Amino acid sequence: MNQRAAILSLITPAYLWLALTILLPLSAMLYYSFLSDVPIGNREVSWTTENYRTFFEKAFYSELMLRSFKLGAEVTSICLLLGFPCALALAKSIRGRTKEALFLLIILPFWSNALVRIFSWTMVLRGNGILEYSINWLLPGTGPLDLMFTYPAILLGLVHSYLPYMILTCYISIDAIDNQLLEAARSLGAGKLTILFRLIVPLALPGIVAGSFLIFIPVIGSFMEPRLLGGRNGTFIGTIIEDQFTAVFNWPLGAALSFIMMGLVLLILFGFSPLVRRLK
Amino acid sequence: MKLRVFLKFFSCQWLIVLILGGSFISAAEIRVLNWQGYGTDESWALEMFKERTGIEVVHDYFNSEQEMLTKLRTNPGVYDVVLINSAYTGQAAKEGLIEAIDTTGMVNVGDLSPSMRNDPKLVADGKTYGVAWVWGVTSFAIDRGDFKNAPNSIEALWDPSHAGRVGWRDDAVEAVQLAAIALGQDINNPSDLKAIRKKLRALKPQIRTFWSSEDEWNQFFSANEFDLATYWSGSASRSKNAFGLPVEFILPKEGAIGWLDGLSIPMNVPNRNEAKAFINFMIDPDFYVKWDTEVGAPTSANAKAVSMLPPDAFNRTTFSDSKKVANVQFMGPMEDGLREKIVELWQETKAYFQN
Amino acid sequence: MANVSVLNLSKNFGTITALDRVSFQFEDGKFFALLGPSGSGKTTLLRMIAGFESPDQGSIHIDGKVVDHIPVEKRDIGMVFQNYALFPNMDVQANVGFGLRVRGISVPEMKRLVAEALELVRLSGFDNRRPDQLSGGQRQRVALARAIVTKPRVLLLDEPLSALDRTLRLEMEIELKRIQRDVGITTIFVTHDQEEALTMSDQIGILNEGQLVQHGSPVDIYENPQSIFVARFLGEANLLRGQAAGKNVKLEIGGTVQTLSKPAYPQVICSIRPEKISIQKEQELQRSNANRIAGRVNEHIFNGTSLTYLVQCGNLVVKVFVQNLSGEVIPPNSSVHLFFRPEDTLVFPDA
Amino acid sequence: MIFLKWISRIYLICILLFLYVPILVMIALSFNESQLYRIPIEWSTRWYEALASNSKLHSATLNSLTVALLSTCLSTSMGTAVALAFFRHDFRAKRLLQVMIFPPITIPWLIIGTAMLVFFFWVGIGRGLHAMILGHVALSLPYVVIVVSARLKSFDSALEDAAKSLGASYWQTTFWVTVPWLMPGIIAAALFAFAVSLDQFVISYFLAAPGFTTLPVEIYTAIRKGFTPEINAISTLVIFLSMLLLLGVSRFYRFGGRN
């Protein structure tokens, strides 16, 4: 078997597929982002950079972009704070069948529809909803909580959706740490906190970084959760882009906004690349 | 040798199945594009229609007029009937998305009130591009439990005592037009967009959430998320009749947005005759009376159908009162440039005042 | 079964030279050991003969035919890997039968051949065990059976015994040799263990830094190392620095010794194996025409069959092996004389 | 130590409760009589009865499963091939190609979905089952490559050398030795791909043809246009089915520990 032929036959199908579904569509989008209108039907279109200019001329676009990145950073941090201890507990203090069962239980929510989960949160959070109802039943006279349609409600929904990613990636890298290493550290007199911060966290860094990217990127582009849980406070760059495609049908502007967002994501990835490279 | 014979035989069989299946489907099925829950997809109505004509009806839905237009543009030859707000009929015709309808043989067309049948938004150069179906108004509805006296002004939406308790539809054109009404401007050509911008900004703290469908409206309303919310007249009667919600639709003294919905046939329609039969059925009094009394509907463009409603029906009493309807401004076609400005204005408003 | 010969093989990995113009002939039916420290290129040479690596220069012949462009799977070789590389998803029968299955041999024939091979390695009845249900030695036998069941032209062994404990290793050494003799297959064996190489092979090739430094029969190499490297790598050697004068060498630690041949260079190192030296107490001193150096016993190590003395001679510690004939031990600090024959005193140039 | 053990257990239980709140709510509300999700809950199986005769949801579910199954097969086989190529071979474009695998996860789905819509419409691929499969496969490919590569890290390439030394060709080695060894990883990857596809609505929403919807698209439209507890009912059924499937798979593949 010729090496070249082997490589080609292994990778060609996948990369042809990716070219057809990712590369060419993104190029088409890039092309659209420089058009004055969607070239469908009998419309006249011309080349323009107006769609990009709009972003810089109207302050609210950049404000929303910033708001989305802030949301992404917050959701990622909360997921890390909640998920890492969970992964640690699962990987290092639980054994055997229980561990396996718990692991299954954690990945199982992935299998329920994300939309239904978000919708269920609206049932929990909304006025006269399950949370208010149960709290008023336990502590009568607490009154309305007014959690629905607030920024914390969006945070809650997104953290819920993306927490399993962080637990999974952290779990995988913590589980790979040899127990003998930790025992060696203890035999040398290291305390629990020293072991955690000087040994486990650095060794689990690849998992933490992977989990953070897997969460941060989809969150800044999210639109369903803010829409359903955010109400008046649910306008982000993601919802604006979705509007351009599904409600307003200004595809060129939507494409331009998407490319600006993608550019910023790439900039951030680029900024982190020294760290990522060090991990390899 | 044998394999080839077998393949031939096999492919022949498939061909037969395809031809039979194809003709079977095309003879008995039409595709309708509409808002969800807006008359054409009532299951009892489709059964009634199938009983009469043997035609099966399949639905596809849209969330906004722009989405409807895009669906027509990107799916030529797929839909047989489409509901178009008359404000957009002219644009659709100009773009070549819909065809002129030959109404001969559609018996119920004769019963349409002439002003709507011949509305210039639906008819161009003597050619009918949309058959007038129903009309209604957009203003707002209140939760009767939250008000001692029903307000009679659109300013109720801006009333600080209901801050954070207002539901608003997430639609740029509607939002700007309601603000225009509050400011006494022409809804189709607002004279002062700056004033509208200010008015909408003042509105933002009032808003609890945005709604996008009738069902969502009902759910938020029943969860007591808002005291009052923008709404459609036909939907308000449905919320009252079908869901028993304490809703009262308000026609404010400043006026309201009026709309006329027509049914059109897309260009390259697969089943023209069946589509025409369906449109004819949709303006039939038999269908309309049942729809309005049992479910709740906007007002029919068919004068005969309206007159067959019970004497106390909302659609008969309110809209026959010419004084009340006098202030209603009907939506007309809008220039692309203006619409773009309006969309941006609305998005800026949505981004404004968030926690 | 076949001759294997390599001609002028060179291979670089980046800036590292793994093999440097190695030529060698492996004769039909013989057992060869490739011996060398880690990084000497022995495994590279083996993998090149197998076909896993291709040489940068030179060529490989099997049965007189160039096989450079024949891929591994067509070379008709058998190979046993360091960790055996048994397929974990197959039982013993499937593992051993793998090569036969690949060659499209019918099932009954395959079963017969597998049974034969398992009998040869004395593992009959283990057909349906999985690799993880076998002990180290059993896995080793399965790997061997798998490698020879296809009757390959060459059998390649990549440190096959290094994963076994000592007793098992000794047992397998004998077993391996027996099987090789029974089958009569040309066998090339890579190891870094000199004892293994000495006991098992017909021929040894010693590699250092990518070069084949010496080859020959075990006795020949042991007795006549051609470099200090070989002398030290195969067995042990005491090295004494000195200056040559005719057949005499004047040692740095004092005294003069005779050699058999006349060294061609003034600065030399003499190498004497510890077992070629006899040790005698000062008071028992006898006259002898053998070379003699004086020293003082530092310590002794007793291991039953023999004794090892560490003797301080000047600034040098000389090692001496003595067979335990009398059960007597020379106590530390005794003054002693060490005797060795001129023919056991090998001289090498002092670099 | 015992103390820490209990703290970590209690913490795990809290996290699990948090993860399951919406699912339990979803299940509870599927048995609620009120169409407007009013509480307290009046028990009723009416939505399950309605479900039994809702042919639209049936066909949407069937479509979802078809798309998920087909795209899982395609993405698992192609992704495994790519992972194998990266593992076995070194070639010039490898770094670039490795990076090129990731856009489907590193670009928000919204952008990819709309880009596909634009492009497919432009070149005449259009929308429908085939378009959805095109999209879903692209989305699950990176997951497959990651999961399979992770398992390959512990693969001893001496196994492949052994197979070759025994005369197995490249593809025989692949299919008789490497793939069987990789199977747990491949199954895990397939599960991932299946879950990604089953849950995917953004891409489906843009690529679904009129009249051909998948369950998530149906749910999405329902949430925005008319949501009844029937959706809860079908989601409840789906999650129970998934649970059974996962439990079945876990008999063959150990999820928690290393293999």
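Which chain is which? They are A, B, C and D, in the order written, and residues in each are numbered from 1.
Simple rule for what comes next: a residue touches a chain if its C-beta (ideal position, glycine included) is under 8 Å from a C-beta of that chain, and two chains touch if they have at least 3 such contacts.
Treat the numbers as computed from the prediction; the structure is a model and nothing was measured.
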A-D against B-D, pair bridged by the larger set of C-beta contacts: A-D
Remotest chain, chain A as reference, centres from CA atoms: C
Centre-most chain, if every chain is reduced to its averaged C-alpha atoms: D
Rounded Å distance between chain A and chain D, as computed from the means of their C-alpha atoms: 16
Between chain D and chain B, distance of the C-alpha-averaged centres to the nearest whole Å: 37
Distance between chain centroids, defined by C-alpha means - chain B, chain C (Å): 91
Chain centre separation (chain A, chain C; CA means) in Å: 59
Shared interface positions of chain A, touching two or more other chains: 1, 40, 128-129
Where chain D touches two or more other chains, by residue: 37-38, 121, 169-170, 223, 227
Chain C, residues touching no fewer than two other chains: 71
Chain pairs that touch, as defined at the top of this document: A-B, A-D, B-D, C-D
Complex contact set, residues of chain D against chain A: 4-5, 8-9, 11-12, 15-16, 18-23, 25-26, 29, 37-40, 74, 78-79, 81-82, 84-85, 88-89, 91, 97, 100-101, 103-112, 114-123, 134-135, 137-138, 141, 150, 169-171, 195, 198-199, 201, 206, 215-216, 219-220, 223, 227, 231-232, 235, 238-239, 242-243, 246-247, 250, 254-258
Complex contacts: residues of chain C adjacent to chain D: 50-52, 71-74, 76-79, 81-83, 85-89, 98-99, 101-103, 146-147, 150, 156
Residue ranges of chain B in contact with chain A within the complex: 63-64, 66-67, 69-70, 73-74, 95-97, 164, 170-172, 204, 207-210, 220, 223-225, 340, 343-344, 347-348, 350-355
Residues on chain A engaged by chain B in the complex (per definition of touch): 40-43, 58, 60, 63-64, 67, 126-129, 148-151, 231-235, 240, 243, 246-250
Residues of chain D touching chain B in the complex: 35-38, 121, 127, 209-211, 221, 223-227
